[in-house]
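To start, I am sharing the structure in question, which I have written as structure tokens.
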Amino acid sequence: MATLQQLAELVGGQVQGDPALEIARVYPIDQAGESDITFVANPKYLSKLDQCRASAIIVTPGVEAAGRNLLICANPYLAFAKILTFLQGSRTPAKGVMAGAHVAESASLEEGVTIHPGCIVGEKVQIGAGTTLYPGVVIYDDVVIGSDCLLHAGAIVRENCILHDRVILQPSAVIGSDGFGFAPDGSAYYKIPQVGIVVLEEDVEIGAGSCIDRAALGETRIRRGTKLDNLVQIAHNVEIGEDTVMAAQAGIAGSSKIGRHCTFGGQAAVAGHLTVGDNVMIGGRGGATKNVASNQLLSGVPLIPHKQWLKASISFAKLPEMRKELQRMAKRLEELETQVKED
Amino acid sequence: MATLQQLAELVGGQVQGDPALEIARVYPIDQAGESDITFVANPKYLSKLDQCRASAIIVTPGVEAAGRNLLICANPYLAFAKILTFLQGSRTPAKGVMAGAHVAESASLEEGVTIHPGCIVGEKVQIGAGTTLYPGVVIYDDVVIGSDCLLHAGAIVRENCILHDRVILQPSAVIGSDGFGFAPDGSAYYKIPQVGIVVLEEDVEIGAGSCIDRAALGETRIRRGTKLDNLVQIAHNVEIGEDTVMAAQAGIAGSSKIGRHCTFGGQAAVAGHLTVGDNVMIGGRGGATKNVASNQLLSGVPLIPHKQWLKASISFAKLPEMRKELQRMAKRLEELETQVKED
Amino acid sequence: MATLQQLAELVGGQVQGDPALEIARVYPIDQAGESDITFVANPKYLSKLDQCRASAIIVTPGVEAAGRNLLICANPYLAFAKILTFLQGSRTPAKGVMAGAHVAESASLEEGVTIHPGCIVGEKVQIGAGTTLYPGVVIYDDVVIGSDCLLHAGAIVRENCILHDRVILQPSAVIGSDGFGFAPDGSAYYKIPQVGIVVLEEDVEIGAGSCIDRAALGETRIRRGTKLDNLVQIAHNVEIGEDTVMAAQAGIAGSSKIGRHCTFGGQAAVAGHLTVGDNVMIGGRGGATKNVASNQLLSGVPLIPHKQWLKASISFAKLPEMRKELQRMAKRLEELETQVKED
């Protein structure tokens, strides 16, 4: 519970209406009711305000809604997220190493750590203050984990990898699996030991079931603030810049370097040994087959400007028709040529 | 073991031959032998009957096979599945909470539950009669699981999610991971708490490694009888209708609504905030980029009728040739124009 | 530590320079220093030799590098891998069944097995000499595992499956999940019991999060030496030949047979019930929709020769332009026809 005024202060906004109004919950505009606050981030949903039964609404400056309690701020979506976080309350108190967890004696845990049953923490592991390991998390030897990290059930971090502060691993995320490296030896393959590590910097989040391979030599590094969705594949020796986001099932092949503040759609891919610049947006299922310069919005394989790809994709359906038209025209042309020659 | 007559009664079919014949096993037509029953669901395999050594064969009405023991029924493939289930025998007896499992005292288990070693069951979890948790399953707090569910090893169900009766989770399926929601806050991203849940209705099956994200607010819901293959991604706030099937590595982006009785091929995808109707078939790797009406068979990106896509895909290979032909024709046309002008 | 001479003997190469030089580490050419050995497998990196500070360099015969310590051999990349393996040292000594592991009494373990805490090993499981199960591995009943296998954390092997010697499972790999088989029964689906198994032959490696479904009847088989990357899907009853490699997120649909010594790029796919020959290379995201003969390099959907696909993909971007050109030409042609008729 919080008053509307408290929430306005939290997000740096202003109240129009009753500042003492008690708010219990954030809820969607068409389901919200008594004691709920909702938000309108997109002007096209303003028409829903009339029928909305929420006690208060987060809106941008200039929105008219006579008789309603409004929280006015520049970015209602961000305000919604911050209020949701605030109302959710603080984390539950730390529980220490719970019965049924196995933590090596040589591991060192800072204050406020919670390690649930079924977790296995290896030799010489270091875990920072306030970090929580949900049930069934496995940490191999010599891993270093920062403060206030959240590792969900079934997440696995292999030997020597490093997680900075506030890293979140969704369930079954795998950090530090072997890179896919084999040297041809006649017709068979010889496994190249993958002796490098993975580094996840501050505020990185890795989605459920996503796999970040360790480097063959050196490191695979994902920089501060980057967020990967579920079932994403990051191969060995990849580097990803700060504040980049990748949607589910995207895949980055070995040794490629991705810039900062990029956005990749679902199932997008980057081939190996490439460089992708900063602020690059790749549409869903787009695939980079050569280096990509910064500040572009691209789609398709090979990547082309997104608008051009949209047009070409629509033309694709007309291909059979185009072939027939070509054949018809060739025939007409031939007839004309004959006729002109005869004249 | 069962007699041919018993099996005929099980599947609502008729015996032609020896009703007392003992059948021990269902086996493929080209490997079956003594005491085996096999089936011919596709007429193109009828020619294999001559060399088939099975003791009995499940066929459709009208199939001629002199001197053979036949089980005649309308749907041999369904009969095969039912007989296989029957001969496999009933489930092993319940084992209760086995040593090495951790079940919170506040959890409530109905009769006939089996919880294998290495499982972790959280506070206030409810588990229905006859449900089995294989080793290493993790159930977070406040989850509700119905009767006769089967959760395979490594499956994870996060807080507050709901599984109805007879839900099957294959190994490492993840239910209730955080949706991929972040609000831009300057150049960095602010995590939007994902406080909704996932509901899996009766008879839903989720494949190995598949991830079903919880809703940001409200619920992600998969309706009765829907089956998802392995490594499928279902984003937050998605709804999927009844009896829909999706092959491996398909992905549905946030807030999309999929109808009932749809069939999606492998690696197919649906972009966010879309509606797909009922009885829609999307071919392998097809991708919906806008709303899709019911009762269609579609492929490609953007989706077009499957037959049209097949033709266009074949024409695709001719594109370089078509461009050259266009250039040649342009030249011929120019020559003709000059010539006609001169005349 | 080893002398350069010892390493040369290990890989069947020759020393040029100081055979007694002590080598501690293999390291990348631009980061290597004192006591390091590095390698040049690709002639285009020879220019880096001048600035390289490694104590020794693995090169092919004929490379000139006055005053440097060289290890000369035919395949520097393979030599690098073998030296890396050697310097990494032997595996840690076996630890037996560690506290916190659950192994059924009916299971039989050969000598030198290590089973970490949190592992669950079912009834009548057999595990060969020198095999290691990292924490949280789950082995269902009646599984047979060969010698010197390495099963990483969270790997799951379901009932009756068979792993031959030296199989490696990366974290969270799933072996023997149910195949995706359902028989339509009116509008709903009836689950077809998947009673077959998976066989992984010698030296097979399965990537993190990859899923290998058990056969409906019979077996899914992956033959000797085949390597699958992360998040790969192998459906029921698939067979894959020897020494084939598949990059991440590839998917093979049910009952398809893949030959030996094939190479599939990332996200590549094969539809169901197909046969792919030997020595087939399929480019990233290529998709087989019909049988594929041996000894080809193919891309696209449907598959076409890779070079043709490259050209067609580039032409794709020109499609809107081509359509316009077609329309312009049609108009010019019509005008000409009118003019010629009038003449």
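Going in written order, the chains are labelled A, B and C, and every chain counts its residues from 1.
Rule of thumb we're sticking to: a contact is a pair of C-beta atoms (placed from the backbone, for glycine too) under 8 Å apart; a residue touches a chain by one contact, two chains touch by 3 or more.
The structure displayed is predicted, hence computed values, not measured ones.
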{"item": "Interface residue identity across copies chain A, chain B - same or different by half", "value": "different"}
{"item": "Rotation in the CA alignment of chain B with chain C, degrees, nearest 5", "value": "120"}
{"item": "Separation of chain A from chain B, taking each centre as the mean of its C-alpha atoms, in whole Å", "value": "26"}
{"item": "Two or more partner chains touched - positions in chain B", "value": "118, 136, 154, 172, 209, 231, 249, 267, 316, 318-319, 322, 326, 329, 333, 336, 340, 343"}
{"item": "Chain B-facing residues of chain A, complex", "value": "26-28, 31, 75, 77-78, 80-82, 84-85, 88, 99-100, 116-118, 134-136, 152-154, 168, 170-172, 203, 205, 207-209, 225, 227, 229-231, 242-243, 245, 247-249, 261, 266-267, 284-285, 313-314, 316-320, 322-323, 326, 329-330, 333, 336-337, 340, 343"}
{"item": "Touching residues on chain B, where the partner in the complex is chain A", "value": "102, 118, 120, 122, 136, 138, 140, 154, 156, 158, 172, 174, 177-178, 180-185, 187-193, 195, 209, 211, 213, 217-218, 231, 233, 235, 249, 251, 253, 267, 269, 271, 287, 300-302, 304, 308-309, 311-312, 315-316, 318-319, 322, 325-326, 329, 332-333, 336, 339-340, 343"}
